[in-house]
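Worksheet: one structure, shown below.
The first chain written gets the first letter, and so on, giving A, B, C and D; residue counts start at 1 in each chain.
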């Protein structure tokens, strides 16, 4: 993956995932909040389940394609792990990336099984997601040995987003449907996506001069840059959330209002969904 | 910001914020606890909302002024990020401080939108505050490279307060209105404010001799000094809290008491507010 | 324990424990979920208690045998702690392993007392388990001084599983009967077991050439290998869980169904057991 | 405090505190559990409150005496902080110990005010305790510069108990009256007490030869020794708990039993107290 494209590709994936999740959770939350005003057509349990199954399938498919690409691309290891001729491990980096995809594939499979068969407890999909992100961070953590200072630094910054997501997904096991945690996860996914692009631009600038990977000022700039990416990710997620909320509300308001006077905040945790599926 | 004033200014801000918050939460908590005795005039939902909007506006305004000051002050970068002539980043420190202000501005904006429009879930303001503090700590963390021992140490001690506040604000997402957490946040804000003053005195003593920045005894003294600041912050917050509690109670007692016999601790989490807004 | 067998033995224990726990929790969870369909014969409170007492006894017995073996095996310290003749500590490694067994023995004893006498609160067995795992990790942590790079690394990876289990068991004190946490603990136990085998193969290969303990590529491969062990542990646990769920459901369905129409998800935490014992 | 007595004294305090707390919480828990069998004479709210006030007063008194002793003992600083003649800080170690006592004094004062006046929320006493322990650990953490390896190690091990207690006390803010957390805190307090004695024996052996502070084997032995102290602390706390439970139960059984048939586990968190005070 030592190339600009190798970082832009996962960047695109995570950006798309972040935006997709923001849309999904915004629609669901807006529909839940306006339940008493209009119909729940937009987010009936059956349609939610269909969406989850679709999402899991896409995730599984992408992970599978990713694994194949890492193995059988031009310079891939082609499933050979150990080069017995020269007595060294073969293409460990590709194998590591394939392992990362493998865990996202497992998370997709688990989610698929959960939403199709109801055999397993619902919260398992978040746990699998948490494990997938944790595994990604875990492999990155031991991936950085012997690289130059700035290279290590930009990847370490990435770990904040990755381990942050793992933690948030783990918290969601206990607070499922909490919109705050869901939006935080969306933000961190978007941040991870845009930061992959940034890593590509810093380490393999497609045009313009190379960056000095040992300059401390570059390191300080990159740190600040990470904050800006976070701010932009927050902005994107909130604009999307607000737009969708407004659209859903205005569409639902056109249906005749009923029992407006009975509007009452639900007891208990007011941000939690009521058993979505 | 390498000056006494540069540390005294944020110190004042955080001191004021800590005292303001202590006052606000004490009044609200005291009013809630004495609900059955007197009226809820002091903390009706409408007045609470107005207060929140006022607070958010002030926060947004200060953050905006702060950003402008960092950019357009005498030696500011004037929105120029890269000095193409000399090929280095321009005034990175000012840019970092502006970034910190930016996040507090975003937190203020989010809080404003939440309390004006009800478009977003209530707990979001605490999450944004947590992210703003986390970002402040994050930038400070990578701010310290190559400074002398005592300089690094006093800033590291600051991080305890900053990351502590981020954690407490994040916990408030789940335990909103828990007076213990609110007072803890007030204490840490006051501590942060007074510690900024202390940093100013240590690194840029306005009068008297310079401190030896490499003496280990100074470091040990400064560590202990931090404990004292914490103790004083705890004292200030508790005295304020007790005074306000007493005043509110005595004012409410003058109104005719009603249903005293029905006083009963609420079920569930007895420290939580009942949906303030 | 510096031998292949010395690592294979605990590996077997943890593998068996992981599989046993998976079976136990799967049966209980499946029976609870299908309560309204069939009888609760399979997991009545009395039989659950008998199972817990049996499990605790086995745990206590194994820990006791383990301690004796460490002390009185061929090159054991035979309860002598200090060699006064040569003025050095005697066989500290054996003593440390005996200490690890001691804590699992204590956990077993506590569990035994809790389930026989009801003298102590139920959640104590999870706390004792958490402490036993924490102690195991704690002793391993200070066990690694002065070893070669790969040796340290494979043991550090083990710590992820051990401290992870300690954390999960501690969380179970508050979320007892949460199937997600229980399966996570099973997975980590299985992972720990299979990783002990892997450590044995890496450090004391029973056949084939020695591993180069200083090669960085070996370290990267071993890290990835840990991910694979995790994936396999997850697979084993989920296959077991699904099989048992299906078997239990099909056996329970043969009994005449009753009150199917009244099936309703329980309120509150939907994954928690309802007071198993 | 560089002496055997200087470590034995706090050791005694913490040992006594650990045993006292174990007794207190065991009696309360046993009385609560047997509420329906006999009277609640042993743990009526009034007597519990009196006990808490007594405990807080003793804590405040000890902290005050401790501070005075550190200041005005033979070689104390006598309230002089800076030696202007020789231009260095005076007796920083004594000042640090006085600061530790100060925070326990503040915790005692807060607890006293809470239980006398009801002005402040109940959970504040646990928060103050958490802060007092955190402050103790915080000062120890920066206390260790430039000492020999074993000296640093034995104090680092102490930090596990101290920060562990701070964490448990903080958790009690949210789970007040959870007997598991209370007993864990008792265990850690006892551990801290006995480990202070061990530190005294290792660093300032009252008789016998000096320890080699640079020997790695000593370090490994000391680590294992810490586990044993933990095991002994767990044993002491559980024996005390069981004895007291049995005594309370047998004393309560002699009063005529009532509504035995109605014995039912309470809903919700079965380990939590029902608003003790």
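A few points about this structure:
By definition in this document, a contact is a pair of C-beta atoms (placed from the backbone, for glycine too) under 8 Å apart; a residue touches a chain by one contact, two chains touch by 3 or more.
Small disclaimer: the values here were computed from a predicted structure and weren't measured.
When chain centres are defined as mean Cα coordinates, B lies farthest from subunit C.
Rounded to whole angstrom units, the spacing between the C-alpha centres of subunit B and subunit C is 44.
Separating the centre of subunit A from that of subunit C, both taken as means of CA atoms, is a distance of 31 Å. In subunit A, there is no position where the chain touches two or more neighbouring chains simultaneously.
Shown here, the protein chains touch around one cycle, each chain meeting exactly two partners.
Within the complex formed with subunit B, the residues of subunit A that make contact are 29, 160, 175, 179-180, 183-184, 216-221, 223-224, 226-228, 230-231, 234-235, 238, 241-242, 245-246, 265, 270-271.
Every residue of subunit A that touches subunit C in the complex is listed here, in rising order: 88-89, 92, 95-96, 99, 102-103, 106, 110, 113, 119-124, 127, 131, 135, 138-139, 142-143, 145-146, 173-174, 275.
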